[in-house]
């Protein structure tokens, strides 16, 4: 039982992990993209459609990432080049993503697919508890975990990671030194889109291998909250994703096993309520948060004065 | 090479032109989409934009769909003017529907009278407002991001509705379907035009638009919202308190969304509570608010355009077997193109050669 | 200049720079020798910043030449300046708060060096010049003095031949100033030239080998500051052509209208100045001038007096009633009007019409009807009156504030407050950027109000203006206000000393 729960937490956390890590990079570059939900949905449906038509899950996931990137570039065009309001544009991206994914998905409702193959290592995977928890997942679970040190290393130890943080912290100073603020932000936004696309692809090809309208069910918004919870630090995103994965699995198991005598819908509220509680706790420790958030988060960079 | 040049002052002409431009571009993009989907674009566009409103019934339906959009978008526009982002109107609508519907279907289902509908609307307004008070409180007291809180509460509200119609409020004679009892007749929206579903909610929404217009154009609070959104320091100079602005925006928009929820369940939904009472009006109203330039008259017009997209989607589904989701895509196009065209309000776009630019 | 074996490190010949409406630099000649700390002295607006921006390639001169080590050069941008060996430490640091010291340094240097290697170099340069700095601390945890050290270390890592420092001590504690001076002397002994921009007289006397003094964009003196007194330097800097205070008004012996006592405020954000035990009184019919260098608490004092920041009730009183805890609108209702320093975005909303902008402060007095309804007709007429009376060049009350030129907007904002028949006027920079004719009109309006019995506080960096307007003058320095003295008993020399932070018995008049 415990082992099964641990395993399911890993998988439930994976889409959140991808989406939140992507948004973390976007926000560290000073851009607030509220369209994660929309990018995840389009990533999910495109990945599913490509998997069905090509028969290859790998191709499907790649297509999901590309779809998320394209959506993100649309956001970039509006906010970075045309200087549209980031909040409104992010909302537009989500609304558009809900519609577009539903449109693409109409042909795929109820179609079954083979989900992602699991990674097995002869002998070790059979070990009790450790073997089951550590092995026997699909590759994306491992990729998600591997992305955490990768993003952390990129931000902390590479020149471009440094430039990206500088751009997010003070775009005027970065511009004055001579860094290409807009191009750096485009790259970050595109990365965030790819990650959200993969997160969505994971939902439709591995977590629940199927397509259903609005199947992302608010995970994109929870990913946004995770970035705040993590105080814009990659490793804390990992912790947060597992925490929220845990909450949603707890809710599933409570429903299945009738652990509590409450309607299933009340348990389904848990992740959303937990998000509000966590945000409140984080925000009320004021001062700290002000310093953790990138200095130029959400502010348009207008090189034309 | 494209180059943006800031205008000395925002162009008033462009403020009016850009929404029209956005609609035109959405129509073009919609046509392209239909072509990609393998349909004759002209026929599909006709079916989407004209087909639904060729009958009196269709025109009435347009007004029916526009009603909740107008009410909610009017409320949201107040906050958006001041930089306060209530994104959870769907939740406030749901809570309003619950309170009003609960009154009619559970509390007073056999005690009826002309007082019922007004009390339902009042209960809906109060619950919508109370639901909106949560993000307002958390923002003003703890500095919690109101976007995320109001949105999370929308998901919670839908689950509350689901809990009630699946459980305690389920109709005992309803064959176990997840729906409440029917409201008594005095708990239904009176129909204004016979043979249609057009109810008094639409004139009510127009009345509210008039009141909001008066408030924005002629009162201190409207002025306060604008100043707070445009220049927070100038608002401080004028002596406007930022927390009061947040509270005002949330309470009014929550209350109006709550009223819209009652109108829906007591009108087009058919006089009972069911698990789905809105096709996302609370979210779509965000598009309406922006497309209407956050101005009451603009919002009424924008609500009619967006309502048409609902009808158009339904019509194409029936007549040409196109997926209804076309509606959502079209709405997304509208907002995207509007935001893109917005650049013309503040900037002049100049074509320059690369040499001249450097 | 006698021919010498070693050419000057930096030589400016006839540098002229015009901005719309002003001549920022007028044929300036300047010569900095190797191994010399050269002071560039002048009031705010004298043209110092423009001149160093030209040297560093941030601004292009209209006329004149730059000669670097005997060779005429064109400095097109900061990169070209750095290639020559010119390094600059700005007054407002261009640092990234969330990043560490070494990361900040790395961003200003060419890429390619590993951060751990660079950190070692930072430490070794910092140690060599007595600038202790932990390379791995995030900048937001550092004091202002430590932040400046980052800029200096970053400049020194480029091995400069000329170090330009713009008002480096305005943000430092006395201890930090001493340490900085030791570093600069060490650099001088190694042959580095330093161009030191300041208005602080004692500092320049103790640190610099030579000084060039600017006033209104022109060089007014070249001298050895060690041979001068601080008072003498101050008089040259401020100018001896200040007109005597006007005595065409009757003796001001009205009752005390505005009284401030024990007004203290901590600085809540970095970059803010505290207010320390500020106290003064202004009588009916009197104009009090508050002088001081920018950033010494002017904005904070204006916000506290205007009511944007509240304080204990008794710290501020108007006609005997305590108003310290009243907000802006309540103070306005009692007849206190207020003009903030920043005109666009604070005193006005750029995207709103002049009519609407009159409502910002004129709401209660002008256009508030029943149930919170506004009477825009009244507001429009009032805006029209302001436009007419103050000669605001605009298309009319419907024009948006952003479309006005700076000077015209200033006239409008001053007029908006002055025409409300105030009992107390608190204004910051009343004529900043306004042409002479309009400035005279604003001054006349202030005189008329005073004559009608209003108490007026004018916060300005323009000493000429203060001597013209004020009955008494006090000086704000790091949040402390000197005791106000009658203008006729003050002279430029004394005010210059106070602005330069020289307190004590010299002030007793």
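A, B and C are the chain letters, set down in written order, and residue numbers restart from 1 in every chain.
FYI, contacts are C-beta pairs under 8 Å (C-beta built on N, C-alpha and C of every residue); 3 or more make two chains touch, one makes a residue touch a chain.
Keep in mind that this is a model prediction, so the values were computed, not measured.
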{"item": "Contact distance in steps, from subunit A to subunit B", "value": "1"}
{"item": "Maximum centroid distance from subunit B, chain identifier (CA atoms)", "value": "C"}
{"item": "Leader among chain pairs (count of C-beta contacts)", "value": "A-B"}
{"item": "Length of the line joining the C-alpha centres of subunit A and subunit B, rounded to whole Å", "value": "28"}
{"item": "Cα-centroid distance, subunit A relative to subunit C, in whole angstrom", "value": "47"}
{"item": "Residues on subunit C engaged by subunit A in the complex (per definition of touch)", "value": "79, 94-99, 103, 106-108, 111, 115, 140"}
{"item": "Subunit B partner contacts - residues on subunit C that touch it in the complex", "value": "306-308, 327-330, 332, 338, 340, 342, 345-352, 356, 359-361, 363, 368, 371-374, 376, 399-400, 402-403"}
{"item": "Interfacial residue positions of subunit A with respect to subunit C in the complex", "value": "157, 159, 162-163, 165-166, 169-170, 173-174, 176-179, 291, 294-295"}
{"item": "Subunit C-facing residues of subunit B, complex", "value": "8-10, 218-221, 223, 226-227, 230-231, 233-234, 236-239"}
{"item": "Subunit B-facing residues of subunit A, complex", "value": "34, 74, 77-78, 82-85, 87-89, 91-93, 95-100, 102-103, 105-106, 213, 217-218, 221, 224-225, 228, 263, 265-266, 268-269, 272-273, 275-276, 279-280, 283-284, 286, 289, 302, 304-305"}
